[in-house]
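Letters are used for the chains, namely A, B, C and D, taken in the order the chains are written, and counting of residues starts over at 1 for each.
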Amino acid sequence: MRAIFLIVMLFVFLPVIVFAQARSSAAISVIENLVAANRILAAEGILSGYGHVSARNPDNPERYFLSRSIAPELVTADDIVEFDLNSISSDSQGYGYYLERFIHGEIYKVRPDVQAVVHNHSPAVISFGIGSTPLRPVFHQAAFFLNGIPIWDYRDFGTADGALVDNAERGKALATELRDRPAVLMRNHGVAVVGNSLPMVVGRSIALEENAEMQSQALSRGDVVIYLEQNEETIGSSFDRAWDVWKRRLNSN
Amino acid sequence: MRAIFLIVMLFVFLPVIVFAQARSSAAISVIENLVAANRILAAEGILSGYGHVSARNPDNPERYFLSRSIAPELVTADDIVEFDLNSISSDSQGYGYYLERFIHGEIYKVRPDVQAVVHNHSPAVISFGIGSTPLRPVFHQAAFFLNGIPIWDYRDFGTADGALVDNAERGKALATELRDRPAVLMRNHGVAVVGNSLPMVVGRSIALEENAEMQSQALSRGDVVIYLEQNEETIGSSFDRAWDVWKRRLNSN
Amino acid sequence: MRAIFLIVMLFVFLPVIVFAQARSSAAISVIENLVAANRILAAEGILSGYGHVSARNPDNPERYFLSRSIAPELVTADDIVEFDLNSISSDSQGYGYYLERFIHGEIYKVRPDVQAVVHNHSPAVISFGIGSTPLRPVFHQAAFFLNGIPIWDYRDFGTADGALVDNAERGKALATELRDRPAVLMRNHGVAVVGNSLPMVVGRSIALEENAEMQSQALSRGDVVIYLEQNEETIGSSFDRAWDVWKRRLNSN
Amino acid sequence: MRAIFLIVMLFVFLPVIVFAQARSSAAISVIENLVAANRILAAEGILSGYGHVSARNPDNPERYFLSRSIAPELVTADDIVEFDLNSISSDSQGYGYYLERFIHGEIYKVRPDVQAVVHNHSPAVISFGIGSTPLRPVFHQAAFFLNGIPIWDYRDFGTADGALVDNAERGKALATELRDRPAVLMRNHGVAVVGNSLPMVVGRSIALEENAEMQSQALSRGDVVIYLEQNEETIGSSFDRAWDVWKRRLNSN
């Protein structure tokens, strides 16, 4: 009787134990920060109804974490799913996944330095993906893109299938266009931002929108704009302090 | 004595029973979504003190649902009134109705494909109804108006009676100007947006405002703008996923 | 003994009784609406740290109600003070009054049709008080200023004493510049808006800011703007329905 | 036995007593206002993830108060640290300090009239630090900078070390560029605002951002702008009434 009870218990708890053991403390910490990144980017107005943020699995660089398809401000650790670099998940809970998860997988494939990726549609940034003025750094926290941000044009694939990066082929083309840069604009659509940590991609996403707003404001006045110069890429690169501020703000609300 | 009681009860509850039976589960679901649509559009800043959203009655295409005259963010199912396509209601609770409900009725008359209508005054969109630059799609979620948005000019009726679409004649003229398009700008006033579902008109109303903001920002900088091209109308058309996000957001507040 | 008690009571309560009797139900209703007007204009971003709204006393057109100097969103009925048209109060509770209350008193003197006045510094409106483009109506709710808004220039008084309308002489000059119009811009400072009711001045203040935003947006794009034409002043004049919406919104927060 | 207890108690409480005695009521009041200033500037959108506000110690003009490195909206009196004018603290709680605290110390050194300093990155103000149009006063509350705002260019130090004022040498150069003015723009970075009280620097920081917004809006429309003239510096200088409003607002939330 007691033996049966133990066997039943084993079957009930085994998956839990295995699952728990599958995550190192580093991975658990990344997932926790990924939840925070979702909520910070929602609170800062960078991720609204669309867009997503991912992080590479520190236990296995061939896999990455990304929420299932849910509003970023509502994401919890339970919503995080693990994908391989072909953006296929072993998980099968019947939830929907982001159609454009290939952005993440294909970038992780070709950029081993990248540990986190944001895809967003923040409005001032997109406005530079629909116009003729290059987005260029105008304040110190934007020094990270001194070498410029390339623009990927989905129309190289024809236009019949729309602008979404919803398959591996388009993801690969976007990752190729990204090259060694910190971000790539997607023509008439949005942006993909990369970095070597979650704080960095969150900070870069926010700084990019602020930069786009300020550059637009000065140009709309008719100003000649003074851009940052080469050899200034030494500042504001990690965003670690701002990350602390943003996280504490989440907890105080 | 008991018979009298039963007869009295019957008279008291009969209207309730009849009313309840008059709504199919499809209609109840539409009314529930119509309440959500009011609150989502208020939360997103599309409907402020003025403007309204309606849905065709799935049980009877010759009738539509619209709130009585109340702030969109306060609308409940009890505020929803049923109108025929001449925008006359059998209801007589003494509440005021929207003066411009004829926008809805007259569009439903000539566009059998339309299941929902939004009339709003979102600021960036109106700014295109007062100027010389055509509103054109600049990002993928705006592909739905690739064929352009006509502008209806109330001044064809003279200007002595103002700009409001507060009778059937003006409603009919607006519906004629709309043609087969997803929206029609109202010169110096606002916009009417149509679609085959509530999620679609809500999504289109939000995307239209975002598009107007981005197009304005790029043009104010002096940019040459790259607009979406023909044959790109395959994307972002249903807004079903965003609808889920917006509804969950309402419930989490 | 009992007589003494009654006499004491009389002296204690007499002022209260007299004060209570001094207000008709019309005046009490105006004070209640004046509190709401303060809070609505704060919630809509029209009154921030500075600015104020007043109403003429319906019991005595030679007097008007205005809050003591306090943040508009915190005003209660107890903060409302009564002034004569020279902006002098019989009240002496030691509270500070708005330095610029002369705007109100001097306008009530020369405009018997005016029942309420708002002085505010809403940003887009002020931007038209610092530039060369005239503020002109671009949407139907702005039809009330089809005849234009004059600009009063404090520099006619020299500049040594600053721009504030903090005495009767300047108030009189501003009221003269206002003429028969619904509002007067104050060069490099703000605006005074008048109307025949509190809902009207609140609605006009909000519509003026919205109009200024939209006109700016269209002009910044480089558009040729289509302004409202004469003979369109028949619409959106009372703002009574919007007033209901704004008040209900206050109560639901 | 009892003697030992008293001696132990003495050692436990002595630092507290000494610390408490080290602060006059004037200093305690300044610290309380410094906490309020942090929270007001955060609520008004002037201090976001970065930026800081300080006040000179009224008990010792050779020292100033500044929060440890924490989000401004979360600052409490316990977070306030005292620095000498070389920006060195005797405190050693292991908390991080703001890298750019040298802005404060070096300004207090050369400007004995200055009692409070704000360093912020409010977006419209920075947009004037990246462009060719001088920021000039357009409304009465901005009269305080009628003599203009100098722009400090960190590139005079070369660009290899970035734009941050994170050492005494750069702080000294910034303070020199400030001269006798109320603020100094930092090219491609932010602004430092000074005043003779906390209400004044808070009010000036807010008015500066409002002025930058309005000046930008008028210039973007293509307007010829009317700036304030000399001899108008008599108004809006203390911001004491607005300070009361801002503080009451904090307490009512």
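A few remarks follow.
As a working rule, contacts are C-beta pairs under 8 Å (C-beta built on N, C-alpha and C of every residue); 3 or more make two chains touch, one makes a residue touch a chain.
Bear in mind the structure is a predicted one, so any value in this text is a computation, not a measurement.
Placing every chain at the mean of its C-alpha atoms, the farthest one from chain B is found to be D.
The best fit of Cα atoms from chain C onto chain D calls for a rotation angle of 90°, in steps of 5. Shared numbers divided by all numbers used gives the overlap of an interface; between chain A and chain B this overlap falls below half, so the copies present different residues. In terms of their C-alpha centroids, the spacing between chain B and chain C amounts to 34 Å. Centre-to-centre spacing of chain B and chain D amounts to 48 Å, using the average Cα coordinate of each chain.
With touch defined as above, residues shared between interfaces to two or more other chains in chain D number as follows: 220. Arrangement of the chains shown, judged by which pairs touch: one closed cycle in which each chain has exactly two touching partners.
Applying the touch definition to every pair of chains gives A-B, A-D, B-C, C-D.
Those residues of chain B whose C-beta lies close enough to touch chain C in the complex are 49-50, 69-71, 73-74, 96, 121, 123-124, 126-128, 130-133, 155, 159-164, 187-190, 216, 219-220. Within the complex formed with chain B, the residues of chain C that make contact are 138-141, 143, 210, 213-215, 217-218, 220-232, 234-236, 241-242, 245-246, 248-249, 252.
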